[in-house]
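In what follows, subunit A forms one complex with subunit B and a second complex with subunit C.
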Partner chain A sequence: MFKNYIKLAFKVLARRKFFTFISLFGISLTLMILMTITAFIDSELGAHPPISDIDKMAFINEVSKKRIRIDSSYTRDTTLVNGVSKIDSTLNVREVNDMTSTSSASFSVLDKNFRKLPYIENYSFFSYGQVYDVFKNNSKFALKSIYVDAAYWQVFDFPFLEGGPYSKQSIQNQEQIVIINKKTKEAYFGDLEQVLGEEIILDGKHYQVVGVVDDFGNSRPFIKSDLYLPYTHIPSDILNNPDVLGSFEAVFTLEKSSRIKGVKAEVKRIIGGIPLPADQEFNTLEIAPLTLSEAYSKSLIYNEDASKSQWYMILILSGLLGLFIFLPTINLININVTRILERSSEIGARKAFGANRTNLVGQFVFENVILTLIGGIIGLILALILLNIINSSEVLGDGKLLFQGSTFVYSFLITMLFGIVSGLIPAWRMSKIHIVNALKENVS
Partner chain B sequence: MIQLNNISKVYKTKTIETLALDNINLSVEKGEFLSIMGPSGCGKSTLLNIIGLLDEPSSGMINISDQAILEYKSKALAKFRNQKLGFIFQSFHLINDLSVIDNVELPLIYRNIGSSERKKLAEEALESVGLKNRMKHFPSQLSGGQKQRVAIARAIVGKPEIILADEPTGNLDSVMGGEVMDILLKLNKENSTTIVMVTHDKLMAEKTHKLIRLFDGSQVN
Partner chain C sequence: MIKHLLTLIWNRKKRSVLLIIELSLAFLILFSVFGFVLYNMDNYKTPLGFDTENIWMASLRMNSDPDSAERVETKALLLQSLRQIPEISEVSYSNPVSPFSGSTWQTSTIDNGFEMDVELAAADLNNDKTLGLNVVEGRWFNKEDKSAKYRPIVINKKMRMAYWPDSTAIGRIIKLNGESKIVGVIDNYKYHGEFSEEKNVVISLFAEHSDQNPTLIIRLKDGFDPTIEQDINRIIQQTTKGWKFSIENLESKRKFLNVDYWIPMVVLGSISGFLIFNVALGLFGVLVYNIKKRRGEIGLRRALGANPKSISNQFIFEILFLTSISILIALFFAIQFPIMGFFDVDTSLYIRAMFYSALVIYSLVLICTIYPSIQAARVHPATALHEE
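Entry: the complex of A and B
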């Protein structure tokens, strides 16, 4: 039966060239966009190196100092009682925040308070460094840097092309070493195949290359850098800054993802005991560990409560994805109704010779799934071309859209859903046509 | 074989009711060739559709092969049509996108018969109507008479007990019509297939065992 269906599906597609073109155009364009969006989300929030343990990661990337004070006010209501005006006053007391200072954390606040959190397997403190202007081969280019500790290379599983991470000892010894990314290797060393042991000059200082990491899709700044330097190169006055605000962030690997609540509670308890500098007017400290998706959402849709940011983000993304799927599906349903209506004679003949509703629905859905699969393949090719264009044009800055296996699986599932839904509704409607009416519609 | 008791069919719209069949009683024996005649709009095709379970009567009883068909649900009716009935339509109703042999295989598909067996049976059916050499052609490549012979092959491929033919020669010239009629007569004679045929052609009707006439939905003698 399926052989027959396949044969018929291709015949119908070849016969109705215009419908086929319109359908394929809509399907492939929609799927191209969906696959690109899926690739983007997967690249940014998927569990791939160097953040394979994404589900178990928590970040402290923001510290807020606030001045909270008690504010009181009166509400006056005037009412008429027995023709006489009466004034009723209500005292309102509430907390108001009239000053906030937010930044990354200082090394000292992390160092003193967050090295012994419960439910943690590993952790790393790191700081965004300066952008170095580097001159080489008569050209100037800017290299972003990040200062990291030894655990950074355990928490994040960077794909190394050459060499490997530096040790705790090397960091403590303040060795002049650096790990670079592939882009920097190519820009700085040109065609040189092995660059281990070679030197990079940054602000007049010589740093020996001990590792080269491969490209990856994610554009998060805590992993995407041109230079990875030991944090001990940061001037000691910065490391010893007693303020709670600074340039450091922390990443924790939890025992399991569900421990995030426990860690959040513990951090909340700890910050209650962290003294704020006496010379400042702040009286409240806020530090909340966030999951990557919470941190990501908060950076795009700011809300003090990161879980709300995440919720808004999910709503917006679902809405957009829904629209991208829903509108073309409605369109395809309409096209399919017209396409199937033209085949009422066939529906009549099939019913007369024993086809039941399930047979007919199965046949038309099958045909539509084949059409959608063809559209899916075209969409896949278009998506790969689009991803290549996006990556080579660097419109996403350091971000790269990688087409992973999971993207293909999601896209395939979306394609199948698209095909089944847009085929099922018209097929069900058409299968209900009365045989006599179907046979009257047109003739062959 | 076929027993119709007090069959009536009323088409209702919001403003009007049309009585298409009025109290039809009919009995067709196994192996009988019955023709139904009457002027256009007298209810011939409606009666044939009701016998063929393509339409439901407004009232009355139908028994086919001693089974009270009107009690069947749609899925069971589809199965019954598939196994017991074969249809030949005036306008053929072949599927243009399928080859001749694929068209003939159609009823067997819904019996879940394997493809090689289907092919064998379809070839036999096409051979019996003299079109085995055209089995890879498409309906658009055939003449009207050839199309109707393909339609007959499709109707007989599942070896149904009853064939229902709605003006099978109506769209054909006299030579082709004669050829189609000869095939039907042969089927009836050699296989004892029960045939009910609607026709306008008196000469064709006279070749059958029994003739009934309809006028304004009623059976007349």
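Entry: the complex of A and C
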């Protein structure tokens, strides 16, 4: 029976080549785009090295100081009531935020207040450094740097090609050491195979290479860097600067991802006790630990409350995705209705010989699933080609899109669903037609 | 005649529902993509207002040394030593709010009940020549400005047109961090990048003794040797003794910033292009089939004296009528954007986006109808009726 269905499906597909082409075109390109988008989201926000623990991470990447004052305004309305003018006045009192300064945190505010948060397994403070211009063989490289502490290498599981992380001891001793990425190694040292112990000259100072990290897909700035330097190389007056704003950010690994609420509440409690610099007019401090997806959404859709940003982001994304899948589905239904109508005499014949509704619907849905499967395979091949093109053209900078099995499975399930749905509706309509009408091809 | 055609369409309403939903959705998708692309391209079309070719920039981070006299000296010395290099035609300083730096300094002020939202920048005496700014009214800063009674400022044309459209702006004194006097108007100054919106910009004189980190702007002569960068790097290092900096090429930074705008436009454009093409193919397939199904009807009309032209016109009219209904439905949703004011953009942008979307949909539908309607016109009444 099954073999018959398959045979029949291929026969039907081959008979109306144009319709088959339209269906396959729609299915495969939809799937290709779906897979590319999921691959992109997965590379940016998925749990892969160096952020394998991403579900348990919380970040402090923004500190705001605000001036909030009470503003009272007096509104007077004059109205004419029965020929006499009447004055109606209202007093509005509200809180106004008329000055805000936002930046990363200073080292001192993190150091003094956030070293003993509850529910935390590990944490690291780091700071984006300058871009170093390095000249080698008459060409220039601009190398991004980041200043990190020893715990940074425990919080993030970097894939090391050579050497390894530096220790707390060597950071405290302000050793002139650096960890570089693969790209920097190739650019600076050329074909040299082992670069451990070699030196890199940055602004006239010599740094010894103690580790090389491999490339990875994620482009988040707190892990993507060319040079990883010990934070103790930052001048002490910057580290000791009493202001709350600075260039540092913090990352925390929570015991469990559900602990984020507790950490947020604790941070809120702590900032109540942090004194603001007296010489400035700011009176309110805002620091909120965010998950990566909250921080990511906030950078795209700004809202003071990051969880709202995330919520908007999910709404917009799923709305777009829904619209994107909906249109090809309607198209497919439209085509399928037409296709099935063409086969009314076949349906009439089968009905006349005793096939019931379930049989007929089952057959059409099965045919449609076969078509979706073929389209899915073409889509997969196209997606792999597209990802390859994107990665080799470097339009995304160093970021590489990964292709995961899960990406394929999710997209495939979605396409399958749309194959079944788009087959079910027309099949149901067709199976209702009376035998006599079907045989006469009088179906409109 | 029209009434008759409408009856025909009405009789097939159930079949047409899917088509109408499809075309409405396609219109809405096109509308949003056109809106997005037109917004960006409108911004892109206004000139930057400064040159990017042959210009290098380095934002210097000064030592936290409290001795400001020494800093002033170092800054002057750096300009002097760079001017010695024959390849360099001009050098100047600005504050950190410099072209493509990503920094902004916004302020709003109320002057005589006049609310002004402006973005502030600061630059020195040579900045106009280094960046190639175009002064359209008044003048750029000069040496006398350093000791002028009122703080001199140069504004951009957008701001001049926004606040003094009918009178001159030159010589006006406005309250902006103290009393400031407008001495000149420059053409454009889109310092956030080519795709950014032009804002009201006020440029003040960047004082030599300012505590702000300076941005060094270097203009090179045509056809310079790129390896000169290494010398410039060395000179900055030696003169400043440990200030942090990185030299950037303004032209490559411009291109780099633009990529962030091109990528979403290209991605959205190709995705919607694919969707629309998909819809067009489906439409074509369904139309071809419909006409085959309606051979009996066509044959009858032909037998009763309709000429081939009126047959194909009937089909074209039918499909255009359905398209118009779809577009009207979609317009109902699209029109909510300007009415509710979801985005802070000009209403004309929405109208243009609607116009282009309608144009694309109508032309696609027409293209898809031509072949099937010719097929229909070719139907021979005798064969068609015989089949029936």
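The rule is short, and it goes like this: the second predicted complex is superposed on the first by the 432 of 444 C-alpha atoms of A that agree within 3 Å, B and C clash if a C-alpha of one lies under 4 Å from a C-alpha of the other, contacts with A are read in each partner's own complex, and residues count from 1 in each chain.
Convention: a residue touches a chain if its C-beta (ideal position, glycine included) is under 8 Å from a C-beta of that chain, and two chains touch if they have at least 3 such contacts.
Not measured: the values here are computed from a predicted model.
K.L.:
For the three-chain model obtained by superposing on subunit A, do subunit B and subunit C clash or fit?
P.N.:
fit
K.L.:
Give me the angle at the C-alpha centre of subunit A between the C-alpha centres of subunit B and subunit C, rounded to the nearest 10 degrees.
P.N.:
Apex at subunit A; the opening toward subunit B and subunit C is 100 degrees.
K.L.:
Which partner does A:432 reach: the first (subunit B), the second (subunit C), both, or neither?
P.N.:
Neither partner.
K.L.:
After superposition on the shared chain, which partner residues are touched by A:354: those of subunit B (first), subunit C (second), both, or neither?
P.N.:
After superposing on A, A:354 lies in contact with subunit B but is clear of subunit C.
K.L.:
I'd like to know which partner A:8 touches here: subunit B for first, subunit C for second, both or neither.
P.N.:
Touch partner of A:8: subunit B, not subunit C.
K.L.:
Comparing subunit B against subunit C, which has contacts with more of the residues in subunit A?
P.N.:
Touched residues of subunit A are more numerous for C.
K.L.:
A:136 contacts which: subunit B (first), subunit C (second), both, neither?
P.N.:
neither
K.L.:
Between subunit B (first) and subunit C (second), which does A:86 come into contact with in this model arrangement: first, second, both, or neither?
P.N.:
neither
K.L.:
Report for A:328: first if it touches subunit B alone, second if subunit C alone, otherwise both or neither.
P.N.:
A:328: touches subunit C, not subunit B.
K.L.:
Once the structures are superposed on A, label A:346 by its partner contacts, choosing first (subunit B), second (subunit C), both or neither.
P.N.:
Only subunit B; A:346 stays clear of subunit C.
K.L.:
After the two structures are laid over each other on chain A, how near do the C-alpha atoms of subunit B and subunit C get, in Å?
P.N.:
Least C-alpha distance after superposition: 14 Å.
K.L.:
Using the superposition described at the top, list the residues of subunit A that contact subunit B and also contact subunit C.
P.N.:
Subunit A residues touching both partners: 444.
K.L.:
Would you pull the subunit A residues touching subunit C in the complex into a rising list?
P.N.:
These residues of subunit A touch subunit C: 18-19, 21-22, 25-26, 29, 33, 130-133, 135, 138, 140, 142, 203-204, 235, 237-238, 323-324, 326-328, 330-335, 337-338, 341-342, 395, 444.
K.L.:
Subunit B touches which residues of subunit A in the complex?
P.N.:
1, 3-4, 7-8, 11-12, 15, 345-346, 348-359, 434-436, 439, 443-444
K.L.:
In the complex formed with subunit A, which residues of subunit C make contact?
P.N.:
12, 15, 18-19, 21-22, 25-26, 28-29, 61, 64, 227, 229-230, 233, 237, 242, 244-248, 259, 263, 271, 274-275, 278-279, 281-282, 285-286, 288-290, 293
K.L.:
Provide the residue numbers of subunit B that touch subunit A in the complex, in ascending order.
P.N.:
49, 52, 54-55, 74-75, 78-79, 81-83, 87, 89, 91-98, 102, 105-107, 109-112, 115, 139, 154
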